[in-house]
Amino acid sequence: MKKIEAIIQPSRFDAVKEALHEVGVDGMTVSEVRGHGRQKGHTEVYRGSEYTVDLLPKVKLEMVVPDRMADAAVQAILKTAKTGKIGDGKIFLTHVDDAIRIRNEERGDAAL
Amino acid sequence: MRRLFLGLLLGTLLISGLTAAPACAQSTDSQGAAAGSASSSASLQEQVGKLQQQVADARSSGDNAWMLVCAALVLMMTGPGLALFYGGLVRKKNVLGTMMQSFILLAIVTVLWALFGYSLVFHSGTRFIGNLGYLFLHGVGAAPNPDYAATIPQETFMVYQLMFAIITPALITGAFAERMKFSAMVVFMILWTLLVYDPMAHMVWGKGGLLNATLGGVIPTLDFAGGTVVHITSGVSALVCALYLGKRLGYPHEPMPPHSVVLSFIGACLLWVGWFGFNAGSALAAGSLASSAFVATHFAAAAAALGWSAAEWLRNGKASVLGAISGAVAGLVAITPAAGFVGPMSALVIGLIAGVLCYLMVAKVKGRFGYDDSLDAFGVHGAGGTVGALLTGVFAVRAVNPIFKDAQGNALAVGLIDGNARQVINQFVGVVMAWVLAIVGTLVILKIVDVLVGLRVREEHEIQGLDLSQHGEEGYNLEV
Amino acid sequence: MRRLFLGLLLGTLLISGLTAAPACAQSTDSQGAAAGSASSSASLQEQVGKLQQQVADARSSGDNAWMLVCAALVLMMTGPGLALFYGGLVRKKNVLGTMMQSFILLAIVTVLWALFGYSLVFHSGTRFIGNLGYLFLHGVGAAPNPDYAATIPQETFMVYQLMFAIITPALITGAFAERMKFSAMVVFMILWTLLVYDPMAHMVWGKGGLLNATLGGVIPTLDFAGGTVVHITSGVSALVCALYLGKRLGYPHEPMPPHSVVLSFIGACLLWVGWFGFNAGSALAAGSLASSAFVATHFAAAAAALGWSAAEWLRNGKASVLGAISGAVAGLVAITPAAGFVGPMSALVIGLIAGVLCYLMVAKVKGRFGYDDSLDAFGVHGAGGTVGALLTGVFAVRAVNPIFKDAQGNALAVGLIDGNARQVINQFVGVVMAWVLAIVGTLVILKIVDVLVGLRVREEHEIQGLDLSQHGEEGYNLEV
Amino acid sequence: MRRLFLGLLLGTLLISGLTAAPACAQSTDSQGAAAGSASSSASLQEQVGKLQQQVADARSSGDNAWMLVCAALVLMMTGPGLALFYGGLVRKKNVLGTMMQSFILLAIVTVLWALFGYSLVFHSGTRFIGNLGYLFLHGVGAAPNPDYAATIPQETFMVYQLMFAIITPALITGAFAERMKFSAMVVFMILWTLLVYDPMAHMVWGKGGLLNATLGGVIPTLDFAGGTVVHITSGVSALVCALYLGKRLGYPHEPMPPHSVVLSFIGACLLWVGWFGFNAGSALAAGSLASSAFVATHFAAAAAALGWSAAEWLRNGKASVLGAISGAVAGLVAITPAAGFVGPMSALVIGLIAGVLCYLMVAKVKGRFGYDDSLDAFGVHGAGGTVGALLTGVFAVRAVNPIFKDAQGNALAVGLIDGNARQVINQFVGVVMAWVLAIVGTLVILKIVDVLVGLRVREEHEIQGLDLSQHGEEGYNLEV
Amino acid sequence: MKKIEAIIQPSRFDAVKEALHEVGVDGMTVSEVRGHGRQKGHTEVYRGSEYTVDLLPKVKLEMVVPDRMADAAVQAILKTAKTGKIGDGKIFLTHVDDAIRIRNEERGDAAL
Amino acid sequence: MKKIEAIIQPSRFDAVKEALHEVGVDGMTVSEVRGHGRQKGHTEVYRGSEYTVDLLPKVKLEMVVPDRMADAAVQAILKTAKTGKIGDGKIFLTHVDDAIRIRNEERGDAAL
């Protein structure tokens, strides 16, 4: 099974979630993160002292899916998260050894 | 600590035993009387005599209502007002420590004031400090003290003035925010109240004080609600503290943005509201002078908010919320000494000047000199107070407040635009006195406290934050 | 710490030893002094003459104390009250931008009012607008203006009314929250104050205004504290703005829950507290009419909170906090025109109606029509103000406020339940005037501003949020 | 922006050119007018008669101004004061539910009070409860009720007392925080108001009440502003609730730190400010007794904050912010019954005792007995109220308030240090009455409500939190 | 060595931490996340506009353990995090190449 | 390519970011986490009830880098994040299968 980690623009999150749902990915874990990359940040000024914020709010989705679903999931994300502007984010794919559903201790693909 | 505590307790009981005595005999009940039915048998003269007392009571009722509300408003300025204004400006890890500094002053200064502070300021004494005639508030009761306020109980006057004695040291805490030991702060403030605030307040407001404009001072300085007494002393002491303590770890390289401009916003608004108690209340009665001071206060705040915002807009292309609220506070500071002396249009001008000037102090001057006045206590209160005190000498007019009179009781010119150029010089002297006292007094006290308890928190405590290291708490526990 | 403390104590005792001497002479009772001691030589007539002045002063002291406090309370309604109420309802990224809109109005409207606004509203002039006799507050000073308030300095009246001129435009900002350019807002509001608020306020409250009920109006409309002048004008203009600007990006598909109901809660409570200044203060004196208006205000707020909550409970099975506080505000809005005219039981009824009605407006009507009145400025103030203005015509009674008198000075019936059915029609006319003025005025102004500076922020700025895009700040910086 | 600005400026000048004309006629001085100009023809007696009414009005204006402000202040104590104080102390998931409990009481108790509550408390009736003479506020209007307050409209008195009836049940909610059903709370509180608050308030403050000290009570108990009526009844009922409902899930093993000491801090400060309305307002006039109560209130709060902080410092090596603010509240509670009877030094002593004692209650006693009084409603209000009521018997002096008089009108000793040892016993009886009524009443009501609707939320709802489960909302939605 | 990622109910966190401690796992990194899965969310209503929240608060534990401890750790989590209801969460196991303790640059199992 | 996960002291974050920038690592994703380990926490006391906080604020950096850059990145982190005191944190290295830049769907090292 594969873990898909997608870092996306917060404003695209709802669309991405929906698209994933459509290709059959339901389980996911979401966190608020801040991203640093090519996208340039902004400057804030407090009483004359400027400071540059180059960490921008992003949403990180993590979902572990059976190998066969990975592609569809990635496509769903790409389709909905892309705005074509710098800062759209990244997707990373990693191999996961095992998954366990805590509720009933199911393992492997069945647990996803 | 423990022994001391017991001693204090004992002392207090002792005093309460000694002074519980007779005290002030509550003027004959006039409550029901107010309507007083015209008993036809009573002679007219008697009726008129009775009426005179009732009128005095009625007048006192209005003025006392006003002054008690003002006292409450000024309390609200310190807590929650200033505590939030400052608390929002620091990093999250220091929010409680910062607010605590204001709060504990509420408690400490109150007790000091009750024991001897009020006496040192408002009892007549030398030109520099009052004597101890009002020790433990002996003789401070229902009867008015006509030297200060003829229509309200002296107790009201006392508690109203106490609120000023509280907020003044609290203003200083903005300068050494995020790095001073709590214990050191407590000791520093006790000494500062005694050695800087009490003398300065006595000189300007106390009977026979050196700078008192109406009660026998030598150099009549105008300070309606505390430009010199409150803002210059605190602002200048703040600068001294900032220089003495040194910069916060990481300043100015690390970003230290306010953790919640929202909190600061609430604080600034409450300061604005409370400032009506501060300035209009300084009329010490609910007459038209209070109205005039109220209007001047509001107008200066508004103009200064615009001034600061406009300056920012010109320089950064944006007006910030922190700028607008800082501007309002700067205007309130600058109008404080002038509030009861200047007309509404002058108030707009004073506010505008203060807004722009304090912006420059904070955004340019501070950066150039490189001191770490963390929350700009000097930039706003020191600078704003100074310019306000000087401009009071310029804009004060007898039409608003005929404070100076000749032998025949005719009002004399007050400020520069009224035809009295001298007053600017008097104001200048007052300002210098306040600066000198603040610098010298604060330096001495810092030295003492540094030796006794040490001023700064340990480096790891500064990194950890004051909330945890000084108080064992956190401001927010938002995890489920 | 310990040593220091002991030192202090010792020092104190020492000083007290040195100076305790004579001191507390402050004995001669000076309470009566204020009224002047009855010098037996002065003729009784003289004494009585002097007393009359003193009584007037005493009366003024009570009323002025009250009105200054009320002015401060109404300021507190805008900042922090309304700013928090609205600020909590938006998304985190817009909190500062939203609060700033209220705050900058504090500053801008104050300056406009000082320059000409007060004059346009309260100087006599045409039926529709005052003239410039009070330009730069010329002639507005310590003397009362008996047309409006005979017992308080006109300056007090002026600054009190100013607070109304501030909050009214601030209410509108709820409709275009989260999407309007700051610069556009500033220009819009300057024009709106001039073209909508000032005329409407003059018509209803100004001497000789078309709808003025007591000072020579043609169609006597009852509006005690601003149902038409404040809530209808702002609420209806809000609707126009919402329609003209269009929906927020993502509305209504994306969830846009309040980022902090806690902030809104604080705001709503402060609005409730401040509203006493708004409504009871509109008695312009501290007499029993103020008490009556105070009670009506409180009762309507309570009943409306229950009304909204009950409606929600019936529909959703739960009463929400946002619902309860919104209901209270709706009740406060609806009672505003009626506060000084209706009895306490009528106030309960008005509140209950307003609570349920505004709930339906917000939860049903808005959804059906699909406009994006982001924070329900129209749903609460437009609807609540309208129903309140009409119900004032129903529930006003002479027993509470004998505002209409015949030639002999006998009180005439006021509202419908008092026997004056006509008043409902007059109220209706007033309501229509306010609606028409608000719609036309706002449309014209929006068009102008749209052409001059553009109304909406750019799409990416809307996504980024107003705080960063318009002000270069963030509301919260909670990372360590 | 720039162009617009210029345009505006131009426009302004234009208008001023068009209308600058004559205007500002407002010249005839009308200040004296209020007092009636001394028409020489009128007989002196007539003038004096008229003056007497005017003096009564003037007096009333001052007192009414004060009391209306105090009513607003006491409202502010409940919302936002107490709501924030409690709301900050719970976990994030319960913040709205906790604040809602205070808020809905604002609404519910108001309506109950309007319908019959005021009558049950303040109409004369039996020794234990008033009768229904004031049903629907019949007869409660502009005229003063001289039994209670001769110089203010009875409506003012009514609405002021209402604010006490609101905050008292709200205090209880601290004991059952985070686990009671909203519906159960509503029913409980309606019954509690009727069965516990109304009788107790009548007994102590109502005409002819059993414990009334001045209006025909059998056992004259001193309770200036509600030590027994407010704090003991609520605090003891709180304990009963805590015991009856049982502990929160996970208590005391799971950590349940306050989710925002910052919110609690704001709340505590607003409580302090509002408490001036509570205590000084209980003088029911703006005379010197109000000043004295104001001072005592402030001093006790300060001393108690220091007391709690010192105790903490001794025990933990640190003074916490939560400790300091809790201490201040404890001091305010303890001074409540005493405020209008004791001198300033006694107030310091009472505060100090209360601060230390309540700290011990909360930090030691509670832990030993193991009940889950979640926000320490009993530890602070029950304990603080009890010790305050007893100490009132000790420190009350006639010099402050000559409440007891002999046949000749000479003031008699009031408290123990004044020479009246009996009063301590009377106070003790009052305390016992309050405890018994609270225990029995609350137990009965809990039983009823438990049977009718069930008291506790379901386990999964408790885990989910009250905000979602009871109100379908969340306090904070901070995700973008 | 293995990385164990466990997404659990916040209310179970204390118990899980304790159990892990008992089997010898001390080091871990914890974050607040929101989970999306079969567990249905709740509805919130603000002024009449409903919206469904299907992201529920969860706690994510990440711990890297030597291979031999992985099983014990998983068992400890299962034992304490399970309530048997939908939404109990998941455990994912991944292979980790290396670990370094920053303080002293120890590597491998010694760094854990 | 490799994923480097570094859990560090918040106060070191700015320095670490700068150092990484210098060795050519720009893209990274940052989150606020709380760490549990040997570093002992602190005690908080609220109204006399003590409780021990053994989860301390840390910052987690995640960056996916081409294999050849991994070492330099690790060194940069070690150099700047180390204070030598317990609690400095850990670095974990994992193999990542693929990376995709959402904006233009680039894959592999080119996406980093």
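Which chain is which? They are A, B, C, D, E and F, in the order written, and residues in each are numbered from 1.
By definition in this document, a contact is a pair of C-beta atoms (placed from the backbone, for glycine too) under 8 Å apart; a residue touches a chain by one contact, two chains touch by 3 or more.
None of the values given here were measured: they were computed from a predicted structure.
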item: Neighbouring chains common to chain A and chain D, by label; value: B, C, E, F
item: Result of counting contacting C-beta pairs for A-C and A-E, higher pair; value: A-E
item: Centroid distance [mean C-alpha coordinates] between chain E and chain C, Å; value: 52
item: Length of the line joining the C-alpha centres of chain B and chain F, rounded to whole Å; value: 48
item: Interchain centroid distance [CA atoms averaged], chain C/chain D, Å; value: 26
item: Residues of chain F engaged with two or more neighbouring chains; value: 11, 31-32, 44-46, 94-95
item: Residues of chain D whose C-beta touches two or more other chains; value: 44, 48, 51, 55, 58-63, 65-66, 69, 257-258, 266, 316, 318, 320, 322, 472-474, 476, 480
item: For the chain E and chain A complex, residues of the former touching the latter; value: 2, 6-8, 31-38, 55, 58, 60, 74, 77-78, 81-95
item: Of chain F, residues touching chain B in the complex; value: 11, 14, 42-46
item: Of chain B, residues touching chain F in the complex; value: 254, 463-464, 468, 472-474
item: List of chain C residues in touch with chain E within their complex; value: 252, 255, 257-258, 312, 316, 318, 320, 322-323, 326, 359, 362-364, 366-367, 376
item: Chain B partner contacts - residues on chain D that touch it in the complex; value: 44-45, 48-49, 51-53, 55-56, 58-63, 65-66, 69, 73, 91-93, 146, 150-151, 257-262, 265-266, 269-270, 272-273, 276-277, 280, 285-292, 294-295, 298-299, 301-303, 305-306, 309-310, 313-314, 316, 318-322, 324-325, 328, 343-346, 348-349, 352, 397, 399-402, 417, 476
